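One structure is given below, represented as structure tokens, and several questions about it will come after.
In order of appearance the chains are A, B, C and D, and numbering begins at 1 in each one.
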Amino acid sequence: MTLPHTVRIREIRDETRTIRTFVLDAEVPEAEPGQFIMLWLPGVDEKPMSVACPTPLTLTVARVGPFTTALCERRVGDQVGWRGPYGRGFSLHKDQLALLVSGGCGVGPLYFLATQAVTRGIPTTVALGARTALDLPYVEQFRALGVDLILATDDGSLGYKGPVTDAILQSAICNSQSAIYACGPEPMLVAVHRLCRERAIPGQLSLERYMKCGFGICGQCAMDGYLVCQDGPVFDVEQLDGLRDFGRAQRSATGRRLPIR
Amino acid sequence: MTLPHTVRIREIRDETRTIRTFVLDAEVPEAEPGQFIMLWLPGVDEKPMSVACPTPLTLTVARVGPFTTALCERRVGDQVGWRGPYGRGFSLHKDQLALLVSGGCGVGPLYFLATQAVTRGIPTTVALGARTALDLPYVEQFRALGVDLILATDDGSLGYKGPVTDAILQSAICNSQSAIYACGPEPMLVAVHRLCRERAIPGQLSLERYMKCGFGICGQCAMDGYLVCQDGPVFDVEQLDGLRDFGRAQRSATGRRLPIR
Amino acid sequence: MKPETAKPETPSAVDISATLCGVRLPNPTVLTSGVLGLSHEIMVRVARAGAGGVTTKSCSLKPRPGYPNPTILDWGPGLINAVGLSNPGVEVMVEEIRAAKEELAPLGVPVIASIFAETIYDFGTVARFISEAQPDLIEVNISCPNIDDRYRQMFAANPYVAGQVTRRVKQNTDIPVLVKLSPNVTDVAQIARAVVEAGADGITAINSLGPGLILDIETCRPVLAHGTGGVSGPATRPIAVRCVRDICQAVDVPVVAVGGVTTGRDSVEMILVGATAVGIGSAVYYRGMAVFRQVCEELRDYMERHGYGALKEFRGRAAAIRF
Amino acid sequence: MKPETAKPETPSAVDISATLCGVRLPNPTVLTSGVLGLSHEIMVRVARAGAGGVTTKSCSLKPRPGYPNPTILDWGPGLINAVGLSNPGVEVMVEEIRAAKEELAPLGVPVIASIFAETIYDFGTVARFISEAQPDLIEVNISCPNIDDRYRQMFAANPYVAGQVTRRVKQNTDIPVLVKLSPNVTDVAQIARAVVEAGADGITAINSLGPGLILDIETCRPVLAHGTGGVSGPATRPIAVRCVRDICQAVDVPVVAVGGVTTGRDSVEMILVGATAVGIGSAVYYRGMAVFRQVCEELRDYMERHGYGALKEFRGRAAAIRF
């Protein structure tokens, strides 16, 4: 049974000007980092959101369009529905240093992953990229976890000036002793993919495609021969070699393939 | 799921001129003595039959009408369906001597009960009644079990001459140190009921009523406020005190109450 | 007899009583027709087990033995049945209803007499006959999916015929009449309008779905002796809810919602689309006779959580929503 | 990619190939329309996973985004969906079908192109268009239960309209045409006769059941954004089997039996009532893409146990039995 469970919003936190965290009155102990749920706004729509924390179920959302805007208008106590968790999450390499690379709202699942890495005693570095210092989410939370931080902003207002994927090149641990776990805009993931293949670094990337069912039957999330909702959203870099659509095309609600901006 | 399981008849034994035992290619380890299954003859009908042995599923059937006649025409290897087990069976009083009273095809469930009593080390007497010596079923099987036997025939061709219910009156164990377990024609059960109440003997009687669903929703097997398929077929004598229909009326396929012949 | 007997209703602030065509039900759960409704003793037992109303097995002018067995089977997601409308005939049912009414009056539990016939004319005759027993309501079954060739098509499949049956019944009784509709039509709202225009005081929906067919693949035969049968139970609930929604939007009479109702949640769903009462049949198999009390308790819990004091406070709430 | 890829067919004495309107299927399991049939890569993957044929998502003249989410949910005994016939439009599907055919030809797995339109006229246009891609068969979806007001009623609800659509499609293509029927009618055999008289080469049945309605009782809203939705999966199987039986008795064209087929047993049941092939949709959710290979293996086991060498040896066996 995967009818949405209707629950109330317990708490709302502003992470940045455009990123907001929602804590729901729900527990999903079985969820793994990188897995997602389908979040239902009755009367609006239902869309995929990664689990930022399973207990209580927490989502970190970037306002980008109609659905996420409607969500950001919700207040504590309002009702939302959720179903899941779905998909294949990250699996930590226990003998490799962990390098987590986040762009934009990719931070949610990576924070979840970081907490897991830390509890397992895996040395962890988190690289956060954003437009400006004001757009960097979760910095305090990561500090509190005691992980190494690499910050990058396009305008240099904080940390490295430029894309986070360049910033990590400088890092001492950007080598095959480490494993990279990345989530963010697809162009960033393409850069991480290239980096991993060049330096023989094991990597896992969390992708996004338009989703409807979330459980592998509508075909809407197809990327080449993969169903992102089921085979992903997390893929090993090897799986992404030579794909036609990775970094290039994604489907719209009609199923039409559109170029990735 | 209670769709009938279709299986083949493994073995057929003649017990008497009118009683025949069918061993099916099926196991019903969970069945208890007194419980019944619904036996399906595809293209004919489906009717209740008591479990005479659960592993392999064994039924002892008296030829009395269209269905049982059609069944008796079946050969080894023919297909029949079954579903169940259903109903409330016998439960042995462990501190009481066991007195099993059988008339006609009532012998099946009582043989099953006798095997259970013997394994539990309960001293057991079995009283079998029939018209003539030729109509007494299971005599050898009971002897093999090593239980005490009381035989009664209407024509006195073997054992006591007269109804089995009179025969047991003579028996030393027909007292409140014993418990009576009876299955057979309803007039016999009425006599056993009276006996149990007069002598304060705990008793359990297995009744029959017209059945359709077998699982408590069609109402066809109603006897006063009881559903024989679910509250029975085995009842404690106390439950039968003062019922309007016990010994008097049973429903036909239409649901009409007809006097018991 | 079992635990389900005469427990006192658990006291509660919320009132779950319902009024169906002027008849009061202590709670909205009704034993649906064809399930356990053959004898007054069992109907009384079901009422003591918590039902707010009981419906008799549909009866006809003459007794009917129905089809051979198997007549009712559990196939997993639901039940399938082709009983063949077996019944002892209206004469016997009149006696059963009289006896049931006598014992149920003190409990305040009404008796609904279900009738059917093979011709429009006979529906009137059975209605007049059954009225002698003074049931609280009469339910007209024009929607049995297990039709022999003789009947050709369900009365409920055609708005004109359905209306004619309703008229004929109304001419022959002063007791409020519920007409029981079938989901096996393309537009159930159209049939609902027809029977209400013809004078139906209320509607019961749905009768079992289909017919469906299940085979035993070893013998290549249908598992039911009749072949096809009506599908009921959890598998049919979304269809039933949609039908009840369609009917409540189309007509303005009380509706007894039947079809897969198994939990308090299911009863709430039916009431939200506009049902006045809910019929329960197959769930007696899944949860036993205790289902009536359980559904009522689950319904009360929901109402307490939402601060509702009475059913009318949320009846039809979802029907309002545009979709 | 996953285990289900390109395993060689387990060798077996029994032949489970089928011929559908002159088109050979290596086995009778067909991916049904609307499930995973959006892109050629996924259709190829499904074929490698064991499907004997693949059907594309129904496509229309213009692209359609469909309804907002939730569009597809699991409610326990089955799925419910109101996708709103979202599709990228016939132009795009022509390309997907071309690409699919190229990769599937070597596997001997045919491609069925499903089409629909909002007017009888447009059905012809889409048919002409899609034929450019040379699909092995065209399936005409006149039976989607999720109808906007615009459509008023399903084309499949009316024998005359269903026939007209069929005629129009046949006038616009030389490719064999399957017409997909709905269970949501009182007499599916009548519709089947109409489309066959109009020239249908075969029939696919059933489309999803209902529509059904499921509410979220906390928000009083339907769980599907569209409100009602078509019911599919195990809950619908007995209805589907009965419809296929009715159709096979009424007409003499091959039938693709769809509706709740999840196991080899279910496929046998469909073939026993006369089906030539079986469509599988919801079961992809219950058993994954491996369902096609699993159903085929279970079907082979059955045939071996019964000493059948080919499907035709038991096809229609149950249809023969009087009931």
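The criterion applied here is as follows: a contact is a pair of C-beta atoms (placed from the backbone, for glycine too) under 8 Å apart; a residue touches a chain by one contact, two chains touch by 3 or more.
Here the structure is a predicted model, which means the values were calculated and not measured.
Asker: Enter the minimum step count from subunit B to subunit D; a value of 1 means the two chains touch.
Answerer: Minimal hop count between subunit B and subunit D: 2.
Asker: Which chain lies the greatest distance away from subunit A when centres are computed from Cα atoms alone?
Answerer: So the farthest one, by centre of C-alpha atoms, is B.
Asker: Which integer distance in Å separates the CA centroid of subunit A from that of subunit B?
Answerer: 67
Asker: What is the distance, in whole Å, between the centres of subunit A and subunit D, each centre taken as the mean of its C-alpha atoms?
Answerer: About 36 Å separates the centre of subunit A from that of subunit D.
Asker: Mind checking the centre-to-centre distance between subunit A and subunit C? Centres are C-alpha means, answer in whole Å.
Answerer: 51
Asker: Among the residues of subunit D, which ones contact at least 2 other chains?
Answerer: Counting only residues that touch two or more other chains, subunit D contributes 75-76, 214, 221.
Asker: Show the residues in subunit A shared as contacts by 2 or more other chains, in ascending order.
Answerer: none
Asker: With chains as vertices joined when they touch, what's the shape: line, ring, star, complete or other?
Answerer: Contact map by chain: line.
Asker: Which chains touch which?
Answerer: Between chains, contact exists in these pairs: A-D, B-C, C-D.
Asker: In the complex of these two chains, what residues of subunit D are touching subunit A?
Answerer: Result: residues 1-2, 34-39, 41-42, 44-45, 57, 63-66, 68-76, 79, 83, 86-89, 92, 214, 216, 218-219, 221, 223, 225, 281-282, 284-285, 288 of subunit D touch subunit A.
Asker: Going by the contact rule at the top, pick out the subunit D residues touching subunit C in the complex.
Answerer: Those in contact with subunit C are residues 75-78, 80, 153-154, 157, 184-187, 209-215, 217, 220-222, 226-229, 231, 234-239, 241-242, 245, 265, 268-269, 272-273, 302, 314, 317-318, 321, 323.
Asker: List the residues on subunit A that touch subunit D in their complex, please.
Answerer: By the definition above, subunit A touches subunit D via 1-4, 6, 38, 40, 42-47, 79, 81, 83, 212-213, 215-220, 222, 224-227, 231, 251-256.
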